[in-house]
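Next come two complexes, and both contain chain A; in the first it sits with chain B, in the second with chain C.
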Partner chain A sequence: MSSDMRVVIVGASLAGLRAADELRRLGFDGPLTIVGDEPYEPYDRPPLSKAVLLGIMPPEHATLPARTDLDAKWRLGVPATALDLEDNRVVLGDGDSVPFDKVLLTTGVRARPWPKPEESDLDGVFTVRTLDDSRRLDERLSAGPGHVLVIGAGFTGSEIASVCRERGLSVTVTERGPAPLVGALGGVVAAVAADMQRDHGVDLRCGITVARLEGDGQGRLRRAHLSDGTALDVDVAVVAQGSIRNTEWLAGSGLAAGPRGVACDAGCRAFDLNGLVTDNVFVAGDIARQPHPLYDYQLIALEHWGNAIGQAEVAAHNMIHEGLHRRPHLDIPAFWSSQFEVNIKSVGIPTYSDQVVVSQGSVEERRFVAAYGFRGRLTAAVAFNHGRWLDFYRGLIESAAAFPPDFAVMDRTDPWEVRSSELPDPAILSHGPTVSVTGHLPTERHVEFVSAPK
Partner chain B sequence: MMDVKLVVDLNRCQGYAQCVFLAPHVFTLHGEESLLYDAGPDDGERERVSQAAAACPVQAITTDIRPQSHEQ
Partner chain C sequence: MSRAQLLERITDQSNRANPYPLYEELRETPAALQDNGSYLVGRYYDVAALLHDPRISSDLHNRRAGMPGADRADNGGPAFIRLDPPEHDRLRRLTTRQFGPPHMPGRVDSMRGELADLVSTLVDNLEGKDRIDLVDDFAYPFPVSVICRLLGVPREEEPRFHVWADALVASIEPTRDSDSDAKMKAAQQAQMEMGMFMAGLIEERRKNPGDDMLSGLAADHHDGGLDTLELVTNSIMLFIAGHETTVNLITNGMLTLLRNPDELDRLKRHPELMPLAVEELLRFEPPVHLVPQRTPIVDVEVGGVTVPKGSPIVLALASANRDPERFTAPDRFVPDRADNQHLGLGSGIHSCFGAPLARLEGQMALNELIRRLPNPRLVEDPPPYRPNPVLRGPRHLMVDCG
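Showing the complex of A and B:
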């Protein structure tokens, strides 16, 4: 496929690399530029909170393999600062700009920092998102701190707490919600995660936030003050309070890009602010908000490894195919986590549920599958050390199987009890309007962002 | 010599542990079914990693080892 089409990929991580790889694999031989704000080749992030901190691999080994000779021009260590769709250029932080015919946006997310800069700057306060983050935390944990505080018990926070216990470190975890992982898995399964942490010696404190981090006067973290009025002496605090989507650089581009991501169609083509699909702007990975037919076509952004790969491959395909030859991204979402020697795997979207049932195995043995349903349809399944069953559940989710499941299964030991999944109703909007529409004549109608409803 | 680069799709991985048997210095099971691995083992592991990738029943291992590679 001989081509003069210039392709630029903004974001040099998993999605960006896989899209470049797929373009070449599909025969695209035109000029390809990859822009990344970090000075490193694309690397894998899941090991940064697991294998790296356990000493199984050094952080620099996380560099991702490419399956093809990418023959790309790399612009690493410089961020993209603007997308100019009048002139079809990506503007870079060093003042340079890169022209394109088609562009793929894969700028991902960054760790949400501790909100008070004077406290987050204390020596001993960490986030874990990048290679440098992981390297610094590994060094500090290796030095044998007296007590570690993990702020937030989502997947990253829970994995780090697990690593700390395995390294013999004493660790406190604070979680604003009622249990670890509750935002992703709901209250019923999250209660199991809470037991798991406590069984492994984690000082887990739920319904608690950290009010203030205190230094020792020489800029080193010394103490954390909690919302219940207690204080903890800590040497290390890991802030694991979720992430922020890297979409600020797209402000003013005319794309439907904001804090919740960049809206796009099922083929990864970005929407402009008016909701019109663009022809030359594609988006993949953590920042892509895409409709999924199985989940009522809601625009959903997923920070999942497999989602980044799947969207990257679809975006690459659609960059070089037209019309009926385009493909939709219809993968069932899936993710995994490894913590406290349990393999947690999920298919579907557990938050898209109103009920849950333990359909196989035993919660007491930490070896089970929980099936999730919404309004009588199976929408997700989560396995603790029972991962081989998930392909079976994926098939049921894809074929809109009824919930509660009516199949006969092996190895059930818990009583069949359908319970509330203890998650917010996914049918209720969690946010207000973000734009207003002005103008009366068709040629005058346009959309602009508003910070609050008018 | 370049080190090997590899990545495992742990959504696909079902813990068959063929890779653990074939390249035990690279892959390890943590608990009953969590696979952990060194994603950048040194070049001496190249043949074993290649065999592990080929033997994976769910083809979850991607490496930068090309077929008919003639690297100097």
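Showing the complex of A and C:
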């Protein structure tokens, strides 16, 4: 495929690298530029909260090898600061700009920092998203801190707490919700996660937030004040309160890009602000908000490794194919996590549910599958140390199977007890209105951003 | 012959050398009902789905009376390969604790040196010979030594184990023939004798533990540990599974490479490709062709065909591996094939327990053989095959060298 088409990929991580690799594999031989603000070649993030933090994987081993010779121009260590869709250029932080015919946006997310800068600057306060983050925290954990505080018990926070316990460190976890992982898995399964943490000696405090981090006068963290009025002496605090999508640089580009991500169609083509699909701007990975037909075509952003790969491959394909030769991204979402000696695996979207049932195995033994349903249809399944069964559930989800499942399976001793999946009210997670429609004549009407109410 | 007789033709010795056309015929139907009541399944996506289906049992107690295998439900004791969760999970977990991560992450890796020594000594012994039998001179003794070493079975006892293993393997069959009862009797006898021997060995390891798996299993009281019957049964199973399959992997591997001299040449120049080549061998000529002992505990649908509860399901892994719906040019041996999610080691909860060891043995054996055998040539093609249709591989593989 001899081509003069210029492709630029912004974001040099999992999705960006995978797309570049796929473009070359599919025979694209035109000029390819990859822009990334981190100074490193692409690396792999899942080990950063697992093996790297345990000290059993040197950070430099968390690499992402390209499968083909990419023959790409790398612009590393410099951020993209704007996307100019009138001139089709990516503007870079060093004043340079790179012209393109097709562009792929894979700028992912960053860790949500501790909101008060004077507190987040204290020595001992960490987030974990990048290689440097993980390396620094590993160093600090190796030095044997007295007490570690993990703020937020999502997947990252829970994994870090698990690592701390495995290293023999004493750790407190605070979680605003009623249990760890509740936002992703719902209350029923999250209760199991809470037991796991406590069984492993974590001082888990739910329904609690951290009000203030206090320094010792020399700029070192020394104490955390909690919302219930108590205080804890800590020398390390890991802030694991979710992420912020790296979309600010797209403000003014005219794309439907905002705090929830960049909206795109099932073929990874970005929508502009008006909801029109673009033909030369593609999105993949953690920043993409994509409709999934099985989930009512809702625009969903997923921070899963496999999602980044799947979208990157589809985006690459569609950048060099037209019309009917384009492909939709229809993978069933899936992710994994390992914590407290349990391998958690998930297929489907557990938050897209109203009910849950333990369909196989034993919760007590931490060896089970929980199936999730929404209005009588199976929408997700989560396995604790039972991941080898999930392909079966993937098939059920794909075929829109009924919920609760109405068949016998091996190894199910309890009667099927269908319960509310206990997901937090989605309104709590909402970002509020972000756009308004202006203009009166049909030729004038268009969408504009509004700043979200504080 | 009608399609209903497919299973019979697959098990027929005269088709052993090349069952692949039969598998092609099998793939025309999603689930082919056989005269003996079994359903034969050979399409990739169907086989893969059934391997992950929690309604499909590996316990013969779930077979309807009168169905093949139903009378064998009580044979052989509680080996986890023949059990369902939760018993399966407990036994496999306890056994894994002595074999791999997270409890014993270094077990297989720590055997590399020993494996390399074994391989090179065996090839030393082939040196200077004009004609060798790759099975008897290499592919059999190598994995047997490895599994003896791993489990802690004294190497001198191997000849007795060989006889027992043969009897046990002969009884694994998806159909009955006139000898079936005799084979069954012989297998029971072998199981009993081998069990008594193992029990003695385990007793001995309890007193004098070594760094082998039997010692580890006997001493592990995690989760209540394994009782003696469980220990004996599962160590017999590991012994059998640990070498009968690897023999085939190595022999099928050499056979395939000798049939594809260009690829052999390439691998000789690029030994680093061998891990990929072994994956392709596991797809192209898998050591285990059929999984004969699955049974649905409720009616299940396979590609539109309803398989009634209690019916035997025979999963044709080797057929799935050649399904053109899944693999491009499935009948070609492509050592560096991309996206090679074969079913050669099974999948799901019963996927091959010893996979990391089998892979390593295959890679080391084949690399050393092609590196050192001078100008190897097949004496006869096809070679004579062992009678077993499940664990399929050549009985002898005569190779001329020099």
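Quick note on the criterion: the second predicted complex is superposed on the first by the 441 of 454 C-alpha atoms of A that agree within 3 Å, B and C clash if a C-alpha of one lies under 4 Å from a C-alpha of the other, contacts with A are read in each partner's own complex, and residues count from 1 in each chain.
Throughout what follows, a contact is a pair of C-beta atoms (placed from the backbone, for glycine too) under 8 Å apart; a residue touches a chain by one contact, two chains touch by 3 or more.
Keep in mind the model is a prediction, meaning the values are calculated, not measured.
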Which of chain B and chain C A:42 touches, first, second, both or neither: neither
First, second, both or neither for A:306, with chain B first and chain C second: first
Partner chain in contact with A:51 - chain B first, chain C second, else both or neither: first
Touching partner for A:186 - first (chain B), second (chain C), both, neither: neither
Chain C versus chain B, contacts on chain A by residue: B
Contacts of A:335 with chain B and chain C, given as first, second, both or neither: first
Chain B versus chain C as contact partner of A:31, first or second or both or neither: neither
First, second, both or neither for A:348, with chain B first and chain C second: neither
First (chain B), second (chain C), both or neither touched by A:60: first
Which superposed partner A:388 touches (first chain B, second chain C, both, neither): both
Chain A positions touched by chain B in one structure and by chain C in the second: 341, 367, 388
Chain A residues touching chain C - in the complex, by the definition given at the top: 341, 359-362, 365, 367, 369, 388-392, 395, 407-411
Chain B contact footprint on chain A (complex, rising order): 44, 46-47, 50-51, 54, 56-58, 60-67, 305-306, 309, 334-336, 338, 341-343, 345, 367, 385, 387-388
Touching residues on chain B, where the partner in the complex is chain A: 3, 5-7, 9-11, 13-15, 28, 30-34, 36-41, 62-64
Residues of chain C touching chain A in the complex: 48-49, 52-55, 57, 84-86, 89, 102, 297-298, 347-349, 351
